[in-house]
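Some structures are shown below for you to check.
Consider the two complexes below, in which chain A is the common component and chain B and chain C are the respective partners.
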Partner chain A sequence: MVRRKIALITASFLLYHSSSAQNNTNPLGEIHGNFEINAQYYNEDTLIGAPPVPEKMLSNAYSNVIYTRGAFTAGIRYESYLNVMQGFDPGYKGAGIAYRFASYTVENLEITVGNYYEQFGSGLVLRAYEEKGLGFDNCFDGVRLKMNPYRGVYLKALVGQQRIYFSKAGLVRGFDGEINFNEFFTGLSEAKTGFILGGSFVSKFQTDDDPALVLPQNVGAWAARFNITRGNFSLYGEYAYKINDPSYDNGYIYKYGDAMLLQANYSKKGLGISLAAKRIDNMSYKSDRDMSGNVLTINYNPVLTKQHTYTTLAMYPYNSQNVGEFCYQADFLYKFRKETPLGGKYGTDVALNFSSAHSLDTTNLNDDTLAMKGYTSDYMKIGDKLYFQDVNIEINKKFSPKLKMTLIYAYQVYNIDILRGKPGYEDIQSHIIVVDVTRKLKDDASIRFQAEHLATQQHNETGDASFAAGLVEWTISEHWFIAAQDVYSYANINPEKSVHYWNATVGYLKGTNRIVLGYGKQRAGIFCVGGVCRYVPASNGITLTVSSSF
Partner chain B sequence: MKRIVFTAALFSLFIASCDYVANPKEDYIPAPEPEDTLIRKVLLEDYTGHQCGPCPAAGAQAVSLKNTYGERLITIGVHAGFLADPLPPNYPANYHTTAGDAYFTFFGITTTPKGMVNRRNYPTNGHNLSWGAWSSAIGNVINTPPVANIEITHTYNTGTRQLNLSTSTRAISPLSGNYYVVALITEDSIISPQNDASQNPSYVPNYVHRHVLRGSVPDAAYWGYQILNGTAAAGDTLNYTFPAFTLPSAWNDAKCHIVVYVYDNNSSSATYKEIIQAEEVRLR
Partner chain C sequence: MKNMRIFAAGVLAFIALTAFVQTQARKLPSIDVKSTEGKTVSTSKFTNDGKPIVISFWATWCTPCKKELNEIAEVYSDWQKETGVKLIAISIDDSKTSVKVKPYVDSKAWEYEIYLDVNSDFKRAMNVVNVPHTFVLNGSGEIVWETNVYTEGGVEKLHEVIAKVAKGEKIEN
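And then the complex of A and B:
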């Protein structure tokens, strides 16, 4: 959770500094930067399966330094993985300048050379981003142009290679155009209905040196999207199509891939409703067809499940299935107003969420000696395998100026075979309850109690079944906090492995500096951000995080 | 409007074409085997596991490549990684080996299915190949002239199950450096359950596991024995006699093969760990 926050802060920082490029007033320009290091000292712990680490201590660190002057921005990011922390891709081992760029804007044209991040639409055909908590970074290295040639018309074009560790690979070309009709047609500028149309085209190139197969060297993908808004209502839709793209991820079949995403939102004061559905079929799209894992990914599969942060709720997170999935989600937010029977003195927030992910309905073609299309899928049917389901209700209630509480109940189903590649286990069906109470002590001091319970009859690949967890966090002042947490796997099928995973942390904050020291045990599990996941191995030891910015 | 058209035209230059493929299979006929008996034999290691759903597709590719190249390609199925762990009652077998686990860790395989072709391009990460890349990797090396030739001489006592093995490696062109010879035992066509993601249901109880690595000769010698530290002229012969080895009773000796390979073990060499020649014979 801390890592996610830090990643968000970093992203906001970069966005702020790129968007403020034209606003700074210092004639010599301005330099800003930030820094973070995560380090851990590892102890071997055979009981929880924490392996010995030859180096004893491992660390991941980075620092951004960005210079802006008028319309000009340039920056670098230095990264160091000496050596790579457990659970992150060992390919990152090393240190160096991983990101450098220069950008300037003249008239309506923005030119960027070097590294850059980008997203077309919802990312179904192209999204380059970084997520430090995952060790994920698929930034481009090349050239990008952004142009606003006419009112309401926005164009982007890019060509680049993609980052892989401290190197780069592949070749990607992309173009995206968007027209905002309400800006384009002056007569529509006051219209109640807003309408935006967009389209993208992306192509990757990789040589075919296979003597036995004709591999497509240029693999194109396109997408079209719309966004309609009217009053409190909005509707977004996108369809993407990818031509034949045999790859490691799809088993080297020549079937096309396609994706559909539909999102509808309604919101007004005290009420929010959101409905979304997507269908993804054979949409793994990488710069290198032979690559597996979270590297050289060109596109993104938007996640349609609630992103939980509490330990037990996030224990079995959904990871998006680029090879094929059908997902839908409904969100309902309601605020019981103040001075009503359910609202009480301060009002009560209730959030209902339901999400479900399924396989596609597919028929194998068994044509691996002919066209090698692999399978066909039925658009009108959902497959018979349930991948994931989450029904949850969250109530946020303030009792007094000093006391507030969050109460969550969730029922989750997790297909361990599909989502972890571990066959032979029953789907984990869990009932989860979380109670989180915060009591304010002074203006800058508070104490938080958190109790969680995950009840299930099934066990996972390490034998764990039900969990109980508790947390006490005392914010002593604006500068200091201490916290203690215990996650207890009390129903492991092997009683010896019913283990307390306890952690204690102490943190010091001053200005933009933040130092957090911790000691404890980390259970093996999966950590996901936005449907992209990494395996977190068990560990036992001291952790240190230092972050800062200027 | 002109500006829009001009800009769109300019930007469209970035757009590349799409290669639609209607007939993926090329009419590929590998170059005929040289009439000379000294041919390069290539080792394909298929890292796999019985819990690994995508692995049978990789195994099928190994079989397909073996059918294409015949005796010029030697394939072994190395069961390693956590997806090779026994998981009773569905996946009770344990095909882990000291050698396979050591190779899996040393070469940083980390996931299955993956493979190595002669362990080329180690350590630049070009050695750890997805199965779709095996064909081209084999094509890049299999028609190059061999630099050494291996002859295997062995006796096997079916009663005591003792194997006496010696190898004779002859330099075809001059060799310089540090070379090691390794002997492995594989067992073909072991039948036991496999997770196969292409099947529905994915649990295949009678899956045929091909060319399963059973171990090295002897078990601890998975990095083999030094046969050259210096130079060898063309025609020089480098002999090695392995310690006598008794096959465990669980191995079906009627389906076992001996696989021998010679590799460059000079850590400062550009071809460190690369296999320069391999050979395979039936055990009995």
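And then the complex of A and C:
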């Protein structure tokens, strides 16, 4: 480790001294970075199911430092999980340099060595990204080339291993090309219609050391995409195909996988419409076929449901089903103009959203051989199982320069059997109402009230049914805020478990520094960012977050 | 032990270098982002003819970000007349919500320049931890002010900063 650090530092120095890089105003280059720590002190709380934590205090932290000089960039990220906070993968336990890279651009070629993130198209065959809130990071460690050989032509090629905790595994090779016709053909540069075509190929290698099965050692996947824009209209489509890839996730079947994504939108002043549909079939694609969970994933499955931020709306979130799903979504945004009956003095914004996720229509093959294909699926049909549905309307209204309100109603259906693996529970059907009122006080000060209610006849695996929630947030100045929240599970089938999950926070913000201290109870639940979820266990204690950037 | 000493010396030298280079003005890195039409654009090409630029990181799922940008939208044309400022809104929506960016922007009739940073490459290069995060650049393209919080009075504060930058006055973050 130490030797690697020295090598890195030496490398930046050598480059600093020897490089004759073209430069503008910063002959010495620039160094910037950021830092964040999340720490929690845990109390045992048997009522809400918060387990005792032997260490008492746990923390996750990281810091990025990036050096740039002209066309040269190098960076490192130090991460520490001492020890890993509850609800994050315990595999991260430890500390060290988890990410380091150097990158240089000459003319139209960009070379990156070390760690890098990348996405081809919408990510259906390849996406390396990080989501700190989930403890998700599947960055590559290897080499990447990016080239713009001719106007409108963009090429990327990469080879690398993938990050798993503080180690790396697998072997992935990838190529992506994109052509923008309006840039490529000078005659089309002023054309009303914009047209872009793209394609990718990805291959992973893993030796076959299975005593019984004959496994493909190289698994290839490809994707093709288009993007058409004309005036107020745009259409994006992508299709991806993966050869047979027996894995833990698909039960070691030899079926191919494929994915389709279509997105269309139309918009003009005061109006926005977007439609999306997606079909995913057997598309779990990992650097290690025997792995499960959110590690070593090569591709990405974008979830097509609204990303809610209010507590009750996000209580039963959808998580993408890589084994198979059919999803669609529609959004309609409209602004009633000022000085109209519904618009009032300041105008009224209305947002309608509908999303639905279903199983595929599959037929089991019962081909009980060593090389079984598993099942076939019908492209023309949607399966009969509903996984998730969400119909919601959001109204944003400003009454005066000092008073604003948001009103949301949602009806959600959540298949707890499929999405949480809890068979025997009925689908949770909930009606949710959220009211959020902000009143501006003088100068920077404001006060915000939030009231929420989730009504349902069904109960989840911990016995919870309906919830009521409230929040008061007082922004005292641009530097200080305090907030108090209560989430009350008032209809648990076990009356003594009808609990108030309250918490209070105080925050200090100055420049890019942010310090937030909290105390209270956190209910057990699923925390999701974009269809990727982690389970957060119940906890009771003090939390501290400090973040900064320079 | 010897390795440790070399390492410690390296770290010290690194810190010294950091302190030294930090006195230099900070500029935008060169990262590829996409327009809502899918066109690839390098962030190093962001210009505004010697006038200030505001770069605002946001997402369609970020309520405070939308509040802030909607509030600015009401006074944006006044700001432009007064200071010549250009606001560039960088959406960090990824492929699940990036399709919603243009309908949202148009329905709100925002006059900003909009770019998509679908895999957070620009966000990472700018060391942005969370959205909203707003940067103000002076006429020479140097970052002179930044904030990562939205408050009800924040828009007025941003206006003061832009007005000072447009006049060439010094800014304290």
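As a working rule, the second predicted complex is superposed on the first by the 524 of 550 C-alpha atoms of A that agree within 3 Å, B and C clash if a C-alpha of one lies under 4 Å from a C-alpha of the other, contacts with A are read in each partner's own complex, and residues count from 1 in each chain.
FYI, a contact is a pair of C-beta atoms (placed from the backbone, for glycine too) under 8 Å apart; a residue touches a chain by one contact, two chains touch by 3 or more.
These numbers come from a predicted model, not from an experiment.
Enquirer: Once the structures are superposed on A, label A:E30 by its partner contacts, choosing first (chain B), second (chain C), both or neither.
Expert: A:E30 contacts chain C only, not chain B.
Enquirer: Considering only touches as defined above, state whether A:T512 meets chain B (first), chain C (second), both or neither.
Expert: In the superposition, A:T512 contacts chain C only.
Enquirer: Could you say whether A:G94 touches chain B, chain C, both of them, or neither, answering first, second, both or neither?
Expert: A:G94: touches no partner chain.
Enquirer: Which partner chains sit in contact with A:N180 here, chain B, chain C, both or neither? Use first/second/both/neither.
Expert: second
Enquirer: Determine, under the contact definition given at the top, whether A:G344 touches first (chain B), second (chain C), both, or neither.
Expert: A:G344 sits against neither chain B nor chain C.
Enquirer: Is it chain B or chain C that touches the larger share of residues in chain A?
Expert: Greater contact footprint in residues on chain A: C.
Enquirer: Between chain B (first) and chain C (second), which does A:A371 come into contact with in this model arrangement: first, second, both, or neither?
Expert: In the superposed model, A:A371 contacts chain B only, not chain C.
Enquirer: Which residues of chain C touch chain A in the complex?
Expert: 3-4, 6-7, 10-11, 13-14, 17-18, 20-22, 24-27, 29-30, 32, 36-40, 60-63, 94-97, 99-100, 102-109, 118-121, 124-130, 133, 140, 146-149, 151-154, 157, 173
Enquirer: Give every residue of chain A touching chain B within the complex, in rising order.
Expert: Touch list, chain A to chain B: 90-91, 145, 147, 149-150, 153, 155, 157-159, 173-175, 177, 201, 203, 205, 209-220, 243-244, 246-248, 251-252, 254, 289-293, 364, 368-372, 417, 421-424.
Enquirer: Where on chain A does chain C make contact in their complex?
Expert: On the chain A side, the touching residues are 2-3, 5-6, 9-10, 12-13, 16, 24-26, 28-34, 36, 64, 66, 68, 71, 73, 105, 117-119, 121-123, 127, 129-130, 146, 148, 154, 178, 180, 182-183, 194, 196, 227, 229, 232, 234, 236, 263, 265-274, 276, 300, 302-304, 307, 309, 331, 333-335, 349, 438, 440, 443-446, 475, 477-478, 509, 511-512, 514, 530-531, 547, 549-550.
Enquirer: Please give the residue numbers of chain B that touch chain A in the complex, ascending.
Expert: Chain B reaches chain A through residues 1, 3-4, 7-8, 11-12, 14-26, 28, 30, 51-54, 57, 60, 68, 83, 87, 90-91, 108, 110-111, 125, 129-133, 135-136, 139-140, 195, 197-198, 200, 202-203.
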